[in-house]
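Structure in structure tokens, see below.
So that you can tell them apart, the chains are marked A, B and C in the order they are listed, and the count of residues begins at 1 in each.
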Amino acid sequence: MEDNNRSKVEAILFVAGDPVGVPKLAKFLKLSVFDLNNIIEELEEFYEQQYSGLQVIYKKNTIQLVSRSEYGELVAKFLKKSFNEPLSKASLEVLSVIAYRGPVTRAQIEHIRGVNCSFTIRNLAIRGLVDRSDNSADSRSYLYEASCDFIKSIGLKSLKDLPDYDNLHIQEDVIKADKVEKKKNE
Amino acid sequence: MFQVKTKQFEGPLHLLLELIENQKLDITRVSLTHVADDFLAHIEKEKGIGLGSLSEFLLISSQLILLKSKALLPIFEFTQEEEEDLEDLQQRLIEYQKFQKISEEIGKARELNKISFSRDEERTFLSVFIPQDISSKYLNEVYVNILQEVPAKEDLAEHVMEEVVSLEEKIVQLKDTIEKRMKIAFHETVEQAESKVDVVVTFLAMLEMIKQRIVSVQQSEMFGEIIIKKNTIKEKTHGR
Amino acid sequence: MEDNNRSKVEAILFVAGDPVGVPKLAKFLKLSVFDLNNIIEELEEFYEQQYSGLQVIYKKNTIQLVSRSEYGELVAKFLKKSFNEPLSKASLEVLSVIAYRGPVTRAQIEHIRGVNCSFTIRNLAIRGLVDRSDNSADSRSYLYEASCDFIKSIGLKSLKDLPDYDNLHIQEDVIKADKVEKKKNE
């Protein structure tokens, strides 16, 4: 029965193609989120043990079925898609701040780098490496976080697999940056 | 003095960090004081500082000048706000250093091309899924809102370029004023200032003129008025 | 080694979506057709043994990865449910840009919104709200415009009946400083 669920989940993720919300899928399959998470974990283990051509990636509350990252160059060649384009030093810095500290505002990013970043952020957003969302705390600014495409571009399972994530994720400076932002707006 | 390369720095923190790292120092107040001169020298020489970030450079300069003042005048005490700002600067540098390092790793990870791909084939359905809640009026509102948020072709840099007077210009201006009046109070020189940045530029210009021994300054009490005097004979550069 | 080939084939079939010619794939993987056929057979057996959510189908000389046929109904139900959900804010925004500015390229839409829109555009196309056509000016990109079904569904005879259409449609270069007040800090 559980095996059945594993393959049901696999079939749905396969057909959906895009990221699927875990709560939404749980509701659809009439399972608790807890049970569904166990099934997804089982699917992951299965892929790992069998050295499957597929893998699962997580972002927030969504999961997506993707091709195994080890075959990145092979698959890119088959699809005639380009490999990762090189990014400038500035872009990489902004991308890193967003990946580790996201969701962050532009002011928070600029507080760390000490320089205006609006164009770099816009470029990253247009390239699809960064997602933008409304900031419920301040309607005049946006929140930025790393996208699924970013996770896929370096073959991770989730942002939590970034090197030294737990350490760098902690946001000591956020309160200070908010202060700075307020000063600017005064 | 550390010879500054003629490269473009991504903002003042980048320059400051590089100066500190070049001397293999940790990020402390002492090391910030240590590289302050190099930092200021770089700003004076470097005409290529992106004008867009000039104001950021100048604000950091003013903090470094503060640190230098403290080193020269031990009785000089920071206000609580200055204390917090300096603490903040140190914290930002530590953070920035971490992210510089990690961003190199991310860059290397990207070069490996260990890319996962998703299935994004085009699918077509026989039936159309029409959302219920859309009217043409609503669609119009949404579009007009988007247009308002499109960034103008500007860059902030262009505004800054118009507004900020360059250090050199300011020195010429200040020299002029002093020639005419021989003695001038600092606050008078900044009466026309339109922004904090303008004040900082004037202050930097004054420091530069002290260094070039064009002027000397006097301050009789802490936070008191700074009197700038034209030097007629060579004398010591620092005012008491 | 053979296992490796099995998962390579799986990864490629996964991303390809469409049927893939066996000789073409053999050539790409530098394998003989005979060997490739053995690998595909192995993949099929593997799916059967593991009761996978996926299966391989042969048609003439092509193979394709699809969801397990037992789950056909389940999967169709899931997709239908997903596409009947209300449009997200992002989708609505892209739809409005396409309605007013169409025919428009993806790059133009992204330039206006400042974020990557490929996912959103695809979603609108799948729902049948947006039509795609070849771009005669640039063979590598497509042009998008609102579909007839969508126009009808909002009670219009033609796009020209959209409020202020003439004005909003023409804007040669949307990025005009004087037309735009900056609302957000972006």
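FYI, a residue touches a chain if its C-beta (ideal position, glycine included) is under 8 Å from a C-beta of that chain, and two chains touch if they have at least 3 such contacts.
From a predicted model like this one, the values you see are computed outputs, not experimental measurements.
Q: Would you identify the chain whose Cα-based centre sits farthest away from the centre of subunit B?
A: C
Q: Taking the mean of each chain's Cα atoms, which chain ends up nearest the overall Cα mean?
A: So the chain sitting closest to the middle is A.
Q: How many angstrom between the C-alpha centroids of subunit C and subunit A?
A: 20
Q: Just the number, please: Cα centre separation of subunit B and subunit C in whole Å.
A: So the centre of subunit B lies 45 Å away from the centre of subunit C.
Q: So, what's the distance in Å between the C-alpha centres of subunit B and subunit A?
A: Centre separation, subunit A to subunit B: 32 Å.
Q: Which subunit C residues reach two or more other chains?
A: 14-15, 114, 118, 183-184, 186
Q: Quick check on subunit B: which residues sit in contact with 2+ other chains?
A: 117-121, 151
Q: So in the complex, the part of subunit C that touches subunit B is made up of which residues?
A: Going by the criterion above, the answer is residues 14-15, 17-18, 83-84, 86-87, 92-93, 95-97, 99-100, 112-114, 118, 122, 125-129, 132, 147, 149-150, 153-156, 161-164, 168, 171, 174-177, 179-184, 186.
Q: Tell me, which parts of subunit B touch subunit C in their complex?
A: 117-125, 127-137, 139-140, 142-144, 146-154
Q: For the complex, give me every residue of subunit C touching subunit A.
A: It is residues 3-4, 6-12, 14-16, 28, 46, 50-54, 65, 67-68, 71, 74-75, 78-79, 81-82, 89, 110-111, 114-116, 118-119, 123, 183-186 of subunit C that touch subunit A.
Q: Report the residues of subunit B in contact with subunit A in the complex, numbered from low to high.
A: Contact set of subunit B toward subunit A: 10-14, 52-53, 56, 60, 88, 91-92, 95-96, 98-100, 102-107, 109-121, 151, 155-156.
Q: Which bits of subunit A are touching subunit B when the two form their complex?
A: It comes out as residues 14, 17-18, 55, 57, 64-70, 72-73, 75-76, 79, 81, 83-84, 86-87, 89-90, 92-93, 95-97, 99-100, 111-116, 118-119, 122, 148, 151-155, 162-164, 168, 172-173, 176.
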